[in-house]
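There are two complexes below, and they share chain A, which is joined by chain B in the first and by chain C in the second.
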Partner chain A sequence: MLKKTLVALSVLSLSTGMVQAQGTWTGGDDLPTTPLACDGTAATPAAKEYDGGVPTNPPDRAGQEITVVDVPKLIGIGYFDATSKGIAEAAAEMGNMNATTDGPTEANIDDQITLIDNYITSGVDGILFAANDPVAIAPVLKKALEAGINVVGYDANSEPDARQWFVNQAEFNGIAKAMIDSLAAEVGEDASFAIVTSTFTTPNQARWIAEMEAYATECYPNLQWLETVEAQEDNILSFNQANTLINKYGDDLKGILGMTSVATPAAADAVTQAGQCGNIAVIGLATPNAMKPYVDADCVKSVVLWNPVDLGYAAAYVMRATADGELQPGDTEVEAGKLGTLSVINGSEILLGAPFIFTKENINDFDF
Partner chain B sequence: MSVEAAPAFRPRRSGLTRFVSAYGQEIVIACAILILFAVVSLINPRFLGANNLNTIISGNAYIAVAAIGMSMIIITGNIDVSVGALIGVLATISGTLAVAGYPVWVAWGAPILAGAAINAVVGALVAYGKIPSIVVTLGMLSILRGGLVSITGGAWISNLPPDFLLAQQRLLGVPAPVWFMVICTVIAFLWMRYSAFGRSLYAIGGNSEAARAAGIPIERRIVEVFAIHGAIAGVATILFATQLQIIQSTVPPNLELTIITASVIGGVSILGGTGTVIGSTLAAILFSAIGAGLIFVNVSAYWLRAVIGLLILITVLIDMLRRNRETRQASR
Partner chain C sequence: MTIKKLLRHETILAVLVVLALIVLAAQSPRFFTVDNLLNQGRLMTEVGLIAIVMTFVIVTGGIDLSVGSILGMSAIMLGVFWKNFGLPLELAIFLALMVGTLAGLFNGLIITRFKVPPLIATLGTLALYRGIAEGVSQARSVRGYPDWFYVLGQGQVLGVPTQLWLLGIVAVVAAVILGMTTWGRMTYATGSNETAARFSGLRVDRVKLLIYSASGFAAALAAVIFVSRVSTTRSDMGTGVELDAITAVVLGGTSIFGGRGTIIGTLLGLILIQALKNGLSLAGVKSDGTIVLIGAVLILTILISNLFHRDGTR
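Now for the complex of A and B:
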């Protein structure tokens, strides 16, 4: 009897293991997901109390000239050049903000912390940041708040109480919907696809992938996810990984989703060089300039992103409103110059808007 | 004492034993590659498809080429941690020239010359300034990386002319990077094994005082070997910059470490004096074979880093044990 029970138990654990192996998406995180409606009906934001931090005894900065430093994940890539451009644009428009961008040359959290620490010491009025690590960056941001500095994040969040506001470029479920919708439209609702991401633990990528799984399960149950491969932020490795996927799956592979601005053009190049344009669709997050060769050659049809210039622009306006005391905990919207009124979500985040899809028709209107 | 005496640190034995003892690490890596191919292709026969073999062997070719120069540097008892940033700078120079309409041979030649020039300066600081190479190249790393970002402003280079894209060419069905890797490796191996210059590198790394006594101009050699390493990094750059239709203004993270790792796992002693470039090239191929193999057998890529880390530890440990044994034998 005992023997039989043991056998049954081991069979059960084996089979659940296999079910899990089939049902699990490597590369997604385990946080709860909130997929959007398949037909795109806007979700009503759940009311949530302000959960951001508060600076300690900040001086009255209303209408004053303020000095703001922007510390992105890294400098030297097209994406953060564009956010930096947006910040500069907004600062020039407002006329009472001195904004400079200074970041690490590699997406390294230790370098980023050191840099922010130096700016706290040298004395600034505001810090804009895009975190390399949401947890590790929190202590230095809290230190800034304690020094009375206004702290606003954009692109990549920290723990909420380590900053005042976070400008969210697009909700994860919004991006996930745009990616999966584009994929299904290009390759059909029952095709097989694979993902090239940076690393399984990169917060943004892991969240998008988890939301993509949830949305696809709901809206396109017959889409077949093959696997997710890691490629760091390495263009040649991304190219090699995409090639390996093509070699491994042959004709079964109908689409590749690129989760980073490095992986997507490299995957497109792999498909191009393998002579598979038209057979394998590449859809992904990338900057328009990097994708123009592939979009112009009709190898890539949809590039999903938001407008990073607008993101930096909005972050600068949120910083100004925060410093002026116009944006207070509990508010539901904020004015952001040419972008109009942006709404507050998730307690202390400001949503930039729906994602933007670059296609052959519009991609040449952008330059970043 | 002659220059030839330096590599012959190992006791003289005959035939096969001597071959195995001299090329132990290379043999181990070649076997590891064969075993890996056998195991993975049993699980998934598609692993041996021609396209996949091309992907694996050409995938890390630029790393293998860069590791040739790195091996020379490490064999002389030095190190270069700036080579990743150097490749990034040289790629931008090459791509900028190509887009500006210069003939492709100028765009290909410039990184080789610029690499040699930049690293000759590094070599001079090491040799004549008597600054440890790790310090000079750490400084160089910051200069090159910072300079790259401020000069390019982060812009990527696109619109590369099609005939510039050398790494996408094939000869007899074999991708150009593979040809470059094999030819560079064979030439460098023979040159380091048989030329007086090549052998002097081992002498300098093995025992620099003895090398000086033997009449080797150590300072000049160091400058020359750094310049050669820079030129080879230029060749690696051509493969790196012409693989895709765009050139990023950033280089793969930790590229220099990957290149150093290929040299060390390939059997180049981190303490200088021993090793061959055959080993480093095989190690670069092993890395990409492990990476592709893990995908083919559905194992998480996390293991890639763990496996390579383990290989480093084992290799260095074996190197240390061998050196201890040799020291004991020598003192007997």
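Now for the complex of A and C:
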């Protein structure tokens, strides 16, 4: 029996995944950047033709009571509870939308596809989705469009022609501006800082850093970039890397930017354990639950992300406007209830707005 | 081991399936339509292929937990062979099927050569194959297959989804092999009493090797169909498929201890689960409620079936 167990164990241990290759990487990517204006005036969006899909012969739904199903990546997690809360809130406000949330219990592409397929058969008027995979979900969404159903995405996009609109929670340059603005406000416009990121295989982080570089050059030219370190979205590695930065730069280091939801809490932990709270500011992308202890202890002042309740709320309003025929290909903005007017970007995306900054005052209102 | 006894579970199940179809059709006018039923057939093909071969595996008293991971690995390899190695897609499909078959053969070798219990061996390879899939893919997907490839997963032949034909052919062939051939008899014998089978001169290990290889092949075939249906490859494809397949097989009356089970039963089990999933969803039951009901149906069916089998056998 021992032998058998050993065989099984050795088989299991083989499968612990591949060791990631390390490489030298300075931070940003080489793609062109589009930094926002320093004072926050909205840039005029580059004109791009509508590249979304069009439903086949939809019935006239203007002002009618419509049945909408919301299919997030998965159900039972705080983040999508928050988006579905926003959708329900908007539906209650409008009074003529009957919205339910139903998603797979795991972030599984097949379950999500099957679920959407069933809702197409059951004859809903609209489908809101957050895709587990942009390509895999496309055939079933196209099928929905062919059935005359209005299709709007949020949080995670599909291929553009498989849906009508996508509510984009944050653009790269918006996140970059929020990060650098928060940093400059906390540590001053001529402070030195370092970045803890994931790896070069994660395109989002590279994009954000490139945009941050461009924005800082424009608006805070005296900020000192010390170093960008890789931490591979690994909890322990992130902590160690942040710790190394603290020891290496000593008093020169005024701020650490965390580029992943793993790196930010780990950096906050490293600063806390080094007793440097108040001397070294930690700012970063992270979910509120992971950051509450550090924010409550006054060690972290700004956590940058978006508000998922608003995201769901906006998605529901975009759905209503699409069903009513008020939001047409070529339009440049859409009314979204309490959020006001949202602008259309990239052809068929609606921008939620500036990122949301969680602070000590509001972080306890969120649970995800 | 009488034919009568076998019939009884299948009969109960068939009655249940008919009942379920009637009740579900009454719940939603959109359920019992040709379009919907054919579409459901499309959706259940992948699990169906795996479940049919899983019936053989479980009849021998074994189990194969690694099928979902083999599906994921074969799907990734299909993409890698085609995109990264630049092979023609036909050859890539063939090689992906070979990868799945070899993965199954490897399961069989661990089980027969090293006498590792199938549960542990395939639990190991469940992790191993998924790890390989994730390692090879590095979270990248392969997309943009030529149009002819999508016929398999998204198209139809004579008004019936392409892959449903395939499922039908595999089901008939499997039913004939298990029910009417020496191979089928050997499969039952292995599961009923392996020691007796060995002493009767049956090449039990060869039977098992072949069956586990076939299981890997079925998973790879399901992978090709799955990739064609969703038009992309991902390393997490097929996660949890093993449980869906095993549920269908067990619901179909195959004894988890081996020696008993039929392909018809498995097919009825598959249909019942798929009908419940789809019908309940159309009737407005959310997916969390649906899985609770499917669990309850599984237990109830086995209980009812056992009530009729109070004769000292399992």
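Throughout what follows, the second predicted complex is superposed on the first by the 198 of 368 C-alpha atoms of A that agree within 3 Å, B and C clash if a C-alpha of one lies under 4 Å from a C-alpha of the other, contacts with A are read in each partner's own complex, and residues count from 1 in each chain.
In this section, a residue touches a chain if its C-beta (ideal position, glycine included) is under 8 Å from a C-beta of that chain, and two chains touch if they have at least 3 such contacts.
Keep in mind that what you see is a predicted model, and the values were worked out from it rather than measured.
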Next on the checklist: Just to be sure I read the superposition right, which of the two partners does A:A266 touch: chain B = first, chain C = second, or both, or neither?
Outcome noted: first
Checklist entry - Given the touch rule stated above, what does A:G123 touch, chain B (first), chain C (second), both, or neither? => result second
Checklist entry - Who does A:I75 touch here: chain B (first), chain C (second), both, or neither? => result both
Next on the checklist: Which partner chains sit in contact with A:A138 here, chain B, chain C, both or neither? Use first/second/both/neither.
Outcome noted: second
Checklist entry - So, A:D111: does it touch chain B (first), chain C (second), both, or neither? => result second
Next on the checklist: Let me test your reading of the model: by the given contact rule, A:K292 touches which partner, first (chain B), second (chain C), both or neither?
Outcome noted: first
Checklist entry - Should A:T244 be classified as contacting the first partner (chain B), the second (chain C), both, or neither? => result first
Item to check | Common ground on chain A, meaning residues reached by chain C in one complex and by chain B in the other | outcome: 75, 105-106
Checklist entry - Which of the residues in chain A end up touching chain C in this complex? => result 3-5, 7-8, 11-12, 14-18, 75, 100, 102-106, 108-111, 113-115, 117-119, 121-123, 133, 135-139, 201
Checklist entry - In the complex of these two chains, what residues of chain B are touching chain A? => result 44, 46, 49, 51-52, 55, 59-60, 62, 145-146, 148-149, 152-156, 158-159, 168, 240, 243-246, 248-250, 252-253, 288, 291-292, 295-296, 298, 300-302
Next on the checklist: Taking the touch rule as given, give the residues of chain C at its contact with chain A in the complex, in rising order.
Outcome noted: 28, 30, 35-36, 39, 43, 110, 114-117, 120-121, 123-125, 127-132, 134-135, 138-139, 141, 143, 154, 226, 229-232, 234, 236-237, 239-240, 277-278, 281-282, 284, 286-288, 291
Next on the checklist: Show me the residue ranges of chain A that touch chain B in the complex, using the header's touch definition.
Outcome noted: 26, 74-78, 80-81, 105-107, 200, 227, 229-230, 232-237, 239-241, 243-248, 250, 262, 265-266, 269, 272-274, 289-290, 292-294
